[in-house]
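So the structure is just underneath, and the comments pick up after that.
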Amino acid sequence: MNRIPNIYHLAVITFKEGIRNRALIGVFIISLVMMVINVTFINFFMRDLGKVSVDLGLSTVSLAGLILVLFIGLNLISKDLDKKTIFLILSRSVSRTQYLLGKFAGLMGLIIVSMAIVGLVSFLSVLVIKSFLAGVFFAKGFSWWTYFLAWAMSVVSLMTLTAVGFLFCTLTSHVFVAMVITSLVYLIGQSLPHIQELVLARQQVLKVSDAMKVFIQILYYIMPNFSLFDLKLQAAHGLPVDPGHIFWAVLYGLVYTTVCLWLADLVFKKKEFV
Amino acid sequence: MAIEFENLTKVYQTGFRRKAVTALTNFSLAVEEGEVFGFLGLNGAGKSTAIKILLGLINPTSGRATIFGQPGSDPAARHRIGFLPENPYLYDHLNPNELVSFAAGVAGKNSRQVVSRGRELLERLDLAKVTTQPVRLFSKGMTQKMGFIMAIIHDPDVIILDEPMNGLDPLGRRIVADIITELHARSKTVFFSSHILNDVNRLCRRVAVIHRGSLHYLGRVDELYDGAFRYHIRLKGPASELTGVSAPLTGNMEYTELLCPQEELIPTIEKINNAKLMILSIEPEREELEDVFIRIVTEGQNEPNS
Amino acid sequence: MNWRWVILIVILLAIQATSLTKLRIYYKQTEDIQRTIPLPPENFLKLIRLEFSGLLSDFIFIQAQETLGNRKTGEVTTETFNRVVSLNERTVAIDPYFLDPYYLAQALVWYSRGPEEIRRINQLLITGAEYRTWDSDLLFYAGFNHYFFLKEYRQAGDLFSQAAQIPGGWTGLAGLAAKMYHRGRDTAAGIILLKSMLLRTTDKEIRKYLEARLDQYQTMYYLESAVKVYQEKFLIPPRQIEDLVTAGIIPSLPVPPKGQKFYLDIQGNVDIEREAAAKNKGINK
């Protein structure tokens, strides 16, 4: 019974509630300042000015996205549990699955719109630098398409992180704990590929026990591999991006997100709202 | 039956040691369709637990709670419900218009119909001037009224209100009471919990009193209310001339003051008459809700009248 | 009572300015200490970079520039040199495609104090070239360092030869490589490079250039062989290039490009140079 409308209505209020959050304006202002800094930052460098400006532009997008997900996004679901706003929703003909999906959809809308704004600002700053300040210092292979891809993959990464956050929000129903654990998962997910590389290197730099190797290997497959979604260096240096990379990374993100939401749903269905 | 609790028991496991706390013990109650029903109890008596189980927010340890025969954990059963939680917290940055359209939207109601009904309700509850203001700027009473509108906007058949009068000013109470009376006239079922005996008396025919997780009283509200009356009698003359009446409160040679329960009023007056004493005044004295509770609880559980 | 506020603000500002000047001494001290703190290992940096490799590399590179810029005297001490190179190594460990650290390292070569330091920089440049496959500059720098500082002509030839094969690079690189191979007494390697370049080149101008070089080095190879035969026959090297004709090993000297002359240098190697220069170097031996 009206499954899709319920999800839609929930998504709408979640989006509106999020987009009017003052912290979001803070994020926008910070990114705007970063972009102004970008124009002066390139003066500290000699040759690879294009690369530096793209670095700063895309890193700001990622950073703004992280703040958005960890500090605003997770709050939007935790506050529902904390302040019991969820009673208003779950007392209606809304199932718990619909609630989770609606919240997630609203949050994704919020992330996409905010990232579009931050991304546009970052695009403009790099465009100004490329057109008026340092056009000759851009990599030969530089393309706006790769720049866009890097932005889009950032959004996929944030989607995966949001799903992870949802899982921990339902498990702990305590916003601070959920935020800390989600941040930890992000940090581990970003650096685990490097740790795995170190541990399994043919020429052993570190002495690691076999049990540890197995543990790292298992962890590598369980933890989300966020480094897959990072195309910033490719965009900065105009390196070619393999369509296969994009395909598999997006698929990975979607599967990971689905699994996290499914687990969150299982937990959520058992949950008691005392 | 609109609402039915059958042998409901709920045991919470709390803290690290999983200490068991019993919130409801073998609680049974049935509310008929079209009834305005008062649900009374002190803080922590188990009112909210019973309501949350009914809405499927928590699971019972044993027993079941149903809405028109369907368990509340089924979203379809909740389709005919409107609920106002105790101290509702609404979304900070949304305004009444958005909340109303959300509340109507999840019920799948035609929007044009609902827009006019929403506007009318906002108008009646004095929120029409603030329809575009975020609710975080609202006072407690305004939030309460907004929550009330969200509970009834989609014209549900069963309306569950947890402390609906909380934080409302006298005018607000009056309007909410009027709306409840209107809902009753349209044969909607209203189930509400309250602390305030006066509101219950004004609106309900039947009430249930819950104490420490079990039902202590179920019956007509006027019976509960009748029992809550005592008469304060002042007479001229010394108390020593009277026999077989309740112990006097105060007395001297000139005046005597008596407190007598409602059912003993007529015999007492006859005794005073026989003693040829002069009655100066007889005033009804209302018991506070606490007194009613204490009386009901100390009397032991009444057998529920059917 | 506005003036009270003015006085208060002036006093506060004065205190702040004084404390800042006092603190500057400590700041300078910490700067000196900072310069001697060991740099974090590359693996650690790789762990903490998260998805911000680009930005982190930018910041480490700024550190390198600062270290170079804040040196106390005009000369670059071994300490500063090592620190800047270490910072550059870390920068490219994080982002191996970043051009600036290579560029700065190459500028630093001029302050180096020994072959070990130059080899360290060349290592950096060659690793960089593995990533920046489109960029012939890094190989050119490395080749130049081998040639100019280390006098290792064959290695220089190898690097120039690799650089020459990168599409869109400077045409002269192939000639330069051939010249290095010749200097390193491996003229044949240069000839092979030029021939393989010719096979892949369609541009007429470039072909013309490559053909002229090929012709020149083939002639020199011919003369070098003649010198070898002379040496085997007479057990001493020829004194001058004309000896090859008078001894009857070759019928006549090949015709050099206009205004140039083949000659034998002090070590007895065949070389070509402008006539005036050739007279000074070879003939009056």
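The chains carry the letters A, B and C, assigned in the order they are written, with residues numbered from 1 in each.
Keep in mind that, in the parts below, contacts are C-beta pairs under 8 Å (C-beta built on N, C-alpha and C of every residue); 3 or more make two chains touch, one makes a residue touch a chain.
Being a predicted model, the structure only gives us computed values, none of them experimental.
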Identifier of the chain whose CA centre is least distant from the whole-structure CA centre: A
Of all other chains, the one whose Cα centre sits farthest from chain C: B
Inter-centroid spacing, chain B versus chain A (mean Cα positions, whole Å): 48
Approximate Å spacing (C-alpha centroids) for the pair chain B, chain C: 89
Centre distance in Å when chain A and chain C are each reduced to the mean of their C-alpha atoms: 42
In the complex with chain A, residue positions of chain C that touch it: 43, 46-48, 50-55, 57-58, 61-62, 65, 95, 97-100, 103-104, 134
Touching residues (chain side chain A, partner chain B) in the complex: 1-2, 5-6, 8-10, 12-13, 16-17, 20-21, 83-85, 87-95, 98, 272-274
Complex contact set, residues of chain A against chain C: 41, 44-48, 51-52, 54-56, 58-59, 62-63, 140-141, 157, 186-187, 190-191, 194-195, 198, 205, 226-227, 229-230, 232-233, 236-237, 239
Chain A partner contacts - residues on chain B that touch it in the complex: 12, 52, 55-59, 75-76, 78-79, 81, 83, 85, 88-94, 98-99, 102-103, 105-108, 134, 147, 150, 160
